[in-house]
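Right, I'll just put the structure down here and ask away after.
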């Protein structure tokens, strides 16, 4: 029995570039290696004055480079303003994200967690769920929420929604590819003991793996699966 | 993508006979039809004076008949005392259930829900989880909890654990087989509006199906999946 | 003992027309038949370009027709923009809804569920609760949240708030009136296996009824009751 | 609208004598004054060597005296061993409690809270729920859980089930009777700042009242109501 | 062992003036008396037309007077519009609050509760948590959420986040100072049985105290502590 | 501000030997080095036929050796039967544990988590909480629950209580001592990728540390703190 073995197309929704690598870079790499078509939708882009244009351009290059390393089939940029999704009419965001997802037609949809501290993550989760409403039989068969270091542990888990994983994907063969891909985000890697450090990423993979007797894993919260 | 398509062997743990039909009779029938080996472990047996021997014997015949209709490969009776599992040393129960499951080696394990009102259900859930500890890489890849009419809605959901399903298995093709199998438990079927009535079983299947745009479904809570 | 028997006036707050029928059409019909004054407040109206004007006009006619069938005493339209409540200053919405409720002076207040997937539902729930703050002894004695097919099961129950009902109102005598009223929303009824189909509505009523040994029921989450 | 106005018979299940006064003494007094028949079932009795016989006898006299003050119609003693319900076969307890409740036929059933620290409370809650299963239409229409000072706040609320009240019964007219009745348990009243002190009882009533704009109230968690 | 004994600087974030007194006035007074530097950040100010200017001016005077009584070292006004934080870009609020907190460098941070009914409270909680992200080792070592009468009990606890306290600070010596300080908000004190009455404040302190065998206490939810 | 700096005496309650090292070995080592008196109460002992006597004897030696390495002041063995606490009258266990804790008089009490898969852990948690009831002002000022690899992640977190930590103790200086102490349990250390492997222990410490910008930490759930 194997969750990935019958998947044809995966869509990962990332509020900001690098969330998708932190959350499911190993899973994407494993899926791509197995011939599954992996798409990433990056919802926001940093915009002046909150973000410097040169930094934004650099991050975009880093993103594409990381995605190439992982084997992402296509990266879709929606270019909503980063750290300002609260200022975007929700119907605009819902429409834009749903249009992108309808083109991809994923059977596995990976979304950020609604309890992440960044409001952009919370909003993107909700927008993705609006698309995933089972109003036909052709939507994604499975929706999983991934965890993002520096986001998922930093709101108030237990008071706000806590990430309590129940799906674990073995990334023993791709943890190194994940770390290499994240390392290519030179602007985003931090030294230990930051949660965005290589040490923390590796520790999380080791821990999530050990919980299910695997050498490395990424963990998810099952949102909905239809079988 | 399809949860059942890579399963080889299913074990369903039933505290009492007919729980397995109410909870996942449609899933079992669909799996059996697809060539998956389906095992049922019935943990308890009614014993005098709490239960009349003639009734107990009759239920056992009904059980085997229902299982034959569903296509169950093998039914395993552990024969612990029904409605008295609180009087059984937990290590005895754990050992016995674990031995049975180790022989079956299921990759999909279906268990009753820990929030069911019957203490036997709560105890059996815990015993099954003890077996499912990931102490090797060969345990069940997926553990799901099923819902049982006349048990799952009757404790105090929201104060005690609530059954909030996130996995839905399409039983459009086997809902009739499920109802036929349950009907063979002549001692257990009740007239409307009892939760153990045919009307209630069909309504639940319709509702769980509609939630995911299917004509009939059985719903589960994901306990743990390793992929 | 009977929850409805001492109620004088009910107010149902509906984010969009038909939510009130799906959620508590049977309860409203039973209450109206018993001489209780039933009011509905429809918070939003579809507005171009998100919604076509001709469709909006038609839905309004359907709403009034359905309410007449149910025996609603008065329907109050607040006309905030549908699917765009996130763009409305919250103090405007709070003020408008509170003004309407203050005129009605209900002793039973029925509101949508805060965990519904539609942001409009979440916002309306909060606005209704602001009005219901017990700042005097004359507010509604009881506030219940109703469930809405195609909304309540489709966010991420368990991660987001789950609808776990603890109040059940017998609608055995009015389930047919409820379905007739919903059927008059010709634009909104969907064929099976959609959650907005007649089959799903009937299945939900049968299931909620069976849980409490009634032939049909509507279920609610108790928010607050003062006795 | 008034929760008590259509009640005919109340049964309060108390694990130990005085739980019922702490939890719902004011409600019982108000109900009795309104002509409602109020029954109390005391599940356990202290037994040597855990409890001294003379103390046990004295507490029984205090109980009957307190019940007379409150206007209790009848007090039923089941005499299971106090602080030792874990040693009683659950089927015995279920049978005994159910027999007592079947004779009373209450339409309102008040039970201790499942998250109380005392195991006896947890077990009694479950036994009461077994009786309250809606297997006919004649069971209690409403089941509420009450809070008990020195029990309900002392397990690990938030990790174990938390008492989050949503039903408030006005005891402005009977708070003094409640305190007088509790004071008659001379063996059980403690000086401030103990939770079993008169000050704490009065503070709780004032706080629960203020939450709903009443001078004094008892608070409950709605378990199930059928209307 | 004593939570306050090693604290050097406390920052209390108050959505509106008087929240800080209701939530932690006794703790502030005790801390100030012990030589701890206590800062209050008042996030909003009433603005016409929602609030009359003369009232706003008066409340500001009351605030400063109350803070002087309590021994607050400094009060910081951010002057965002009251009851309209939903209209403020979140990045503006986050930036402003974070700037203020960075200047104070508290080791203990007290914030309103995310489940309070007032949207301003929910938003301020999130903004404070954004600042408190552990991106260096110099942030606040402890973050606690306080409860506010007339806010914390009035959303839908149990459906929305419930305030389930696990930290209790003894205010036996300062409950009178707290009540005196709150009384100086002449515009805000209400007569019994309002939750904002002196009776309710005192009852809450007595109850929270009794829960931990103290004569008076303020209760908090632990958000995060690093030791 | 520092949680440990005002602690005088710590008691750690361990259901089985090595739980205390896995859960809080680093904290104990740091506390002992700071001059705090650290006590461990080991509740059970393996007994034939469930456990071989020679193994039990060996584990006891390993325990004492590990405790010496950590700097434990005293180890108290209660010798209840391991994996059979469900067969022990709860009042016996409560009495025995409470007697031991009353002698130690800890101001910081560390207990296993109630959601651990092992029934012994659940029972010990409850027994420790019974002792910790605030019936005087002299009980432990702080009670924290620790997490145990191979126990805490293996029940059904989210359905059963989930370990959602909110207290983090920096063990950067003692993570090596913790691992050395656990390594001395030669019978208990497992190779990767078992949760009881050195790799998993180190990964957990790194992750819990990174969450609060520390190089290593142990995480806890705050049960109750009085300050």
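Going in written order, the chains are labelled A, B, C, D, E and F, and every chain counts its residues from 1.
Criterion: a contact is a pair of C-beta atoms (placed from the backbone, for glycine too) under 8 Å apart; a residue touches a chain by one contact, two chains touch by 3 or more.
These are the chains along with the protein names UniProt gives them: A, B, C, D, E, F = LmbE family N-acetylglucosaminyl deacetylase.
Because the structure is predicted, anything quoted here is derived from the model rather than measured.
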Partner chains that chain C and chain D have in common: B, E
Touching chain C and also chain F, the following chains: A, B, D, E
Centroid spacing, where centroids are CA-atom means, of chain A and chain F in whole angstrom: 35
Separation of chain B from chain E, taking each centre as the mean of its C-alpha atoms, in whole Å: 50
Shared-contact residues (touching 2 or more other chains) in chain D: 134-135, 154, 158, 166, 194-195, 211, 213-214, 223-224
Set of all touching chain pairs, with the criterion as stated earlier: A-B, A-C, A-E, A-F, B-C, B-D, B-F, C-D, C-E, D-E, D-F, E-F
Residues of chain E defined as touching chain A within the complex: 89-91, 113-115, 125-126, 129-130, 133-135, 145, 161, 221, 223-224
For the chain C and chain D complex, residues of the former touching the latter: 1-8, 107-108, 134-137, 139, 141-142, 166-170, 211-214, 217, 222-227
Residues of chain A touching chain E in the complex: 50, 83-84, 86-87, 117, 119, 150, 154-156, 159-160, 194-195
Chain E contact footprint on chain D (complex, rising order): 149, 153-154, 157-158, 162, 164, 166, 192-195, 197, 199-200, 202-204, 206-207, 209-211, 213-215
